[in-house]
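What follows is a pair of complexes built around chain A, which joins chain B in one and chain C in the other.
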Partner chain A sequence: MRRVASSGLALSVTAAFIALVFAALVTVGVLIVTGYPPVQTIEQMVTYGSEPDSVVNTINRATTFFLSAIAVAIGFQMKLFNIGVDGQYRLAAFLAAAAGGSAFVAGLPPGLQQLVIIVVAMLVGGVWAGIAGVLKVTRGVSEVISTIMLNFIGGGVISYLLSPGRLAIREGNNLTTRPIGPDGQVPGIPFPDANFAVYGLIVLAIVVGFLYHAGVRRTRFGFDLRATGLSAPAALASGVDVRRMTVAAMLLSGLVAGLVGIPQLLGDAHRFALDFPVGIGFTGIAIALLGRNNALGIALSALLFAFLTESAQILDLNEIPKEIVTITQAVVVLSVVVVYEVVHRFGVRIQRQAVGRQLATAEGGAAA
Partner chain B sequence: MTSGERPVSPGETAVELRGITKRFPGVVANHDVDLTVRRGTVHAVVGENGAGKSTLMKILYGMQAPDEGMIAIDGETVRLGSPAEAIAHGIGMVHQHFMLAGNLTVLENVVLGAEKAHGIGAAARRRIMEISDAYGLDVQPDRLVAEQGVGQLQRVEILKVLYRGARTLILDEPTAVLVPQEVDKLFGNLRELKREGLTVIFISHKLDEVLSVADEITVMRQGTTVASVDPAGTSARELATLMVGGELPVPELRESTVTDTPVLDVRGLTVRTDEGRAVVSDVTFTIHEGEILGIAGVEGNGQAELIEALMGVRQPESGGIRLGERDIASWPTKRRREAGIGYIPEDRHRQGLLLESPLWENRILGHQGEFAPRGVLRLGRARADTRRIVDSYDVRTPGIGVDVDALSGGNQQKLIVGREMSGTPRVLIAAHPTRGVDVGAQAAIWEHLRAARADGLAVLLISADLDELIGMSDTLRVIYRGELVAELDPASVTPEDLGSAMTGARPEAPEAPDSPDRPDRPDGPEAAGGDAGEDTKDA
Partner chain C sequence: MRRNRFVTMAAAVCTAALVTAGAAACGGSESGSSGGGGEKTLKVGLAYDIGGRGDKSFNDSAYAGLQRVEKELNLEIKDLEAKDGETNADKVQRLDLLAKSGYNPIIAVGFVYTEAVTEVSKRHPDVKFGIVDSLVESPNVSSLLFAEHEASYLVGAAAALKSKTDTIGFVGGDHVPLIEKFEAGYMAGAKKVNPDIEVKVKYANEGSDGKGFKDPTSGKTIAQGQIDEGADVIYHASGLTGVGVIEAAAAKKKWAIGVDSDQYLTAPADQKPYVLTSALKRVDTAVFDFVKSVSDGTVKGGPTTFDLKNDGVGYSTANKEAIKDVQARLDELKKQIIDGEIKVPDKP
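This part shows the complex of A and B:
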């Protein structure tokens, strides 16, 4: 009995493993075809990637990736495709940075400043995603369309407001919000032999991960969320208000999305400038897929993606195009989707056979 | 296309199946099926829902491989691995649900995927017209599929199959979607096909139709062929007996447990579609403690909408619903369920289960409040209670961690029934509670219903099984076009009377001249079901 039930986890791990091996093979193939020595290249990446500074960068990147993927995964639980995480976190980080740099927040006691910044970011992210949720339940607009449109609108809003006289100041060639003072920053966690520190708000990401896991698996809300994703008619008949859940899921996804830029904002950048990172929302989609919406899976996937991105930095120095790594990441996601589907079908078949066998013996025994 | 050139000699065997067995997890869909179809005949395969007709036809059409047994076409043993191979052997299938692209013309639909046969131009058109004229199919090749009615579309489907060179046509419940005039026309077409030496295998459970069109009838029951009969020498009653077998459990209530305490009181309930058509109009009834109220009706006469309105899934236009002393008309579904309304939905796969979730999560579905009183799920309690249901409702499963998907339909239904009868509900809304379950489970579910009724449960029972309705109801009402039109006494009513009441005929005039009922019809539900269903569609 136990074997039938627990085969799901084993199959998931197997699938991820197969996908990774496959992606590694493809990468090696690409390296060979383009004329770079595969073994040496990988060695370089591993060596560089395991230097203390790289490890810190990997962890920090993984923290943002993780938050982004959790935001996406909340939507995925309900089969909602929030591809607007990118716009949500950027707008949220921008407005939170602007708030954090304002005279009003600077006047608050330390501790409260960080809290205000975080709450502003979450609210902005939540509102921006919530718009898509409301549009979906009231007007039937697909969240895929509305969130991606909101990305552009968000970008436009940032461009408009990030200009001198509005919410920005000029610093050399760069436009930036007013910097957040030391009382509003979050100190890093020192890492041995590294020149940088690990973002202090990694703690926040871990808390979010636990809340996500417990919320989805152990609460009524999470059950309703998953039920709606698995079968909306069944959820409706069971008493779930599907429309309300849609809005709630988008809101929650947006609240978490709002946090994506915060560890970096409060731990390192202290301001939102034109060079604030873009595209983490899309990376988050890939990581959520790879991690199968599971908090631990997402954490491991985020670390993997962060490591690949970080260790690729060395490639340019050795005149190997670092886009190779982008290929690897893409192949991982593509193959994981395919392999999971294959493995899932295989699992279903095994389970059915197990059920059939069990019943056959039960009936045979009864007859005999 | 080899069989296309064969000389036609009527009477010889076109299709022969011997000892076909097909097992699915937990169920044997077909076992030891023998079927002999002579060329140039219409051969009907009849049986109840779940008797294994569809599985057998899927095997013959190459969609599923049998585990055991032999298939011979024109005397030659064949292995059919795919529909393409079946077509190559001259076997074609007309599905119950049309497989046509609405925005293409008839011509385009016919040649789609068979471009090799006659191209896509003038030759194809010529061939289509030839076939159409030869069998009186009367198709117009240049009209869009989307503009045509179901009868015409069915002829297009038949033509499609013939165009691909089929000599044997399988028609899966072809009359289910047709109005009576179209049924006549279809039967005319079938006679044409037969005259030209083609063979038709006709799947149905409408006995009067089968008797009027078939040359031979094979009866299936519980996965196997039980008899081959000549329609000239049999009656619908005899066929029905063969179909269900002799030893079915009898649904019956013993002494009355009905009390005077109203539990569910519905007044003037009206539900309209988005287009404004009343699908439930002015429905009023009361169910008391310990009472089972049966509602008979041909499917599509408002039962689904009535249930959805009672559950709060659909918003009624007007009317009052009281649960005991409380007015629940404005309550959301969740609150109604928590107040003690159990719900066995009509479509268990869509509305009753999370197929890809384990049994114990499905136990929580619809009872979230019970297992998460303060928002946090009590997983241990859910698991324990799932084990209890598995034991007391005899759900055949290796464990409660298995996905529901892996269970057979009957076992899924037992899980749902067990779940909805848990926690002492006050009202149970049960739509087709024993549909698709095996005989033993059916008896068990009835027994559970009787026990709960004795404990004061009020049940609204909706079923297509008239024997179940008559046997299990304390009070029996008939719904027709959204209205409760008649109240019958379950102690004295016969399925025939009930069947005619369901078609809208007044019970006061049982021998009304325009009654579509035939005096010797034993299976009122399905036969009448077809007729009246078409009436409503006509309107």
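This part shows the complex of A and C:
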């Protein structure tokens, strides 16, 4: 059994590796066809991407990507497609920022302030995703539809509340929540020679990663989750309450989604304004796929995506369209799905042959 | 097998999302600088907000200024676009990258760069920065501000004068303070010449994520709706979304009013006759003047407001046939604003 599991891991790693090589080849191919020097292009990206500022920004971006992908992966474990991470984290970050900037929270002792902000964010994310879960089990609404619609509704709620006289103040042409005071912020971790600091809440992301891994692999809940994902009727027959699991999975996914904007909010922006980043929820889907729902795989994929996005910045300066990076990212995701399937079938065949051989020798032994 | 289908669908959806994002970002990213020859003393850098070149209004106006810099001042230029889901750190890095690569002056287009310019201008005190639409108080930063409400006032008056149904429309992009400034001026100008006029106001996006500025389809739908409600002149302040507004108005043979750039010049030939005028926001002039002042050595930090008085904003008369009968009245209003007799509101 153990041997089979480890060969499964080996196959996953092989699949990811083949997909990466394939994506690299496609990228190089596109560069050559469009008339850009591939070697110099990659050289530039690596040089720029390894400057201290870029490294810090890559790590920070990977932190938010990671949280977003974990949120998506929790749904994936039982085949729930939470496309709404984007709306969940933005609404969560917005309301958490508004809470953090309020006089009440500013009056709390340091430490408690951060805790309140984080809890608010998780609750908002959880509730927003939970709505989709409840709709699915009570009304049979596909979560794909409901989460997408909740993204729009969330955007509407934000723009309604993010206006002067409600939860925002006007600052030139910008609208922003009241800034979170120094006692509610999370200091960064200094990085040698860099102008930026690594988000202090990277620690939170790491904790979430471990909890996810342990929760899925080592608990009854995680087992039920995966069992329901593999076959809902079978899970039901063995006593799993599938409806409860659906709501729980969406809730958990939303709780983590609520955290996506928080490292940036408490570590850098300290407020939610019109220019708060959007779209991280969708990147999370790609990263969760690439990472095969595995915590370590997702961490590595998040770093890869963050590095590619970061180092693309230099390309424009040198007259190379930075969209080439989008091609690379898309090809990686597509090819990892295809390659994994191929490798998986290959693995199954090898297993069958092995079993066949064992049976054959066993029979042969008995006959002799 | 079901598992495979699920994963495949997931992959397809997110690839589609990536590709859409890429395609949106692609919009006209031809290379910016070219040889040109001759001695080039200054390297001019420019950074856009999300959307970048190809919106036929705001960003393209900045680019037009940059092209003029390249041609008339014979300077090397470089323009960089933003990507989706950016944090402030990304903007800081973009400006920092330009500064480190020897670009001076550097122009940031859009108020979203406020914090980034504040930070990077401190880091590079010898580099001159310009920022459009925002006030940054730093000795080496010139803030390029516009009185959009004044230009909108004039086109509002034009719309009311031209309307036969006493109903006109306004289509905004994202519902943000900057665009409300256009709405407020337009409304005031229209009411000035016709107190009974009805103004239909609709924003393409009640959110603030920039979607309202790149959605021609919804621009078209909104404009058609307003026309169905009786509007016969429609003004838009919605970037690329406005392309749909103009298209819808022209299809029904109603007037459209452009924004930022002179959209009579960029509209397709069959739609041109229906572009009554455009509220000009001369980002191009601002960019050019700023770079010129840097190359002359006459640049000074602090805010510069571009308004009717210094022709930094205005209305276009390119569609002569359409505008000539109301031009006298508009110029009279313009003079009154310049003289301070009319105070144009900048909030609805």
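What we mean here is this: the second predicted complex is superposed on the first by the 363 of 368 C-alpha atoms of A that agree within 3 Å, B and C clash if a C-alpha of one lies under 4 Å from a C-alpha of the other, contacts with A are read in each partner's own complex, and residues count from 1 in each chain.
Everything below uses one rule, namely that a contact is a pair of C-beta atoms (placed from the backbone, for glycine too) under 8 Å apart; a residue touches a chain by one contact, two chains touch by 3 or more.
Please read all numbers here as calculations on a predicted model, not as lab measurements.
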Clash or fit, chain B versus chain C on superposed chain A: fit
Partner chain(s) touched by A:Asn174 [first = chain B, second = chain C, both, neither]: second
Partner chain in contact with A:Val33 - chain B first, chain C second, else both or neither: neither
Touching partner for A:Val355 - first (chain B), second (chain C), both, neither: first
Partner chain(s) touched by A:Val337 [first = chain B, second = chain C, both, neither]: second
Partner chain(s) touched by A:Ala103 [first = chain B, second = chain C, both, neither]: neither
Partner chain in contact with A:Leu230 - chain B first, chain C second, else both or neither: both
Chain A: partner with more touched residues, chain B or chain C: C
First (chain B), second (chain C), both or neither touched by A:Asn57: second
Contacts of A:Thr326 with chain B and chain C, given as first, second, both or neither: second
Lowest inter-chain C-alpha distance for chain C and chain B in the superposed arrangement, angstrom: 10
Chain A positions touched by chain B in one structure and by chain C in the second: 230
In the complex with chain A, residue positions of chain C that touch it: 3-4, 6-11, 13-15, 17-19, 21-22, 25-26, 29, 31-33, 78, 80-81, 83-90, 92-94, 96-98, 101, 111-112, 114, 123, 133-135, 175-178, 206-209
Contact footprint of chain C on chain A as seen in their complex: 53-54, 57, 60-61, 76, 79, 81, 83, 155-156, 158-160, 162, 170, 172-175, 195-196, 230, 264, 268-269, 274-275, 277-280, 282-283, 285-286, 289, 309, 312-314, 316-317, 319, 321-323, 326-327, 329-330, 333-334, 337, 341
Residues of chain B defined as touching chain A within the complex: 23-26, 311, 313, 332-338, 343, 345, 347, 350-358, 361, 364-369, 372, 375-377, 379, 396-399, 401-403, 405-407
Sites on chain A touched by chain B in the complex: 1-2, 4-6, 217-224, 226-227, 230-231, 233-234, 236-241, 348, 351-356, 358-359, 362
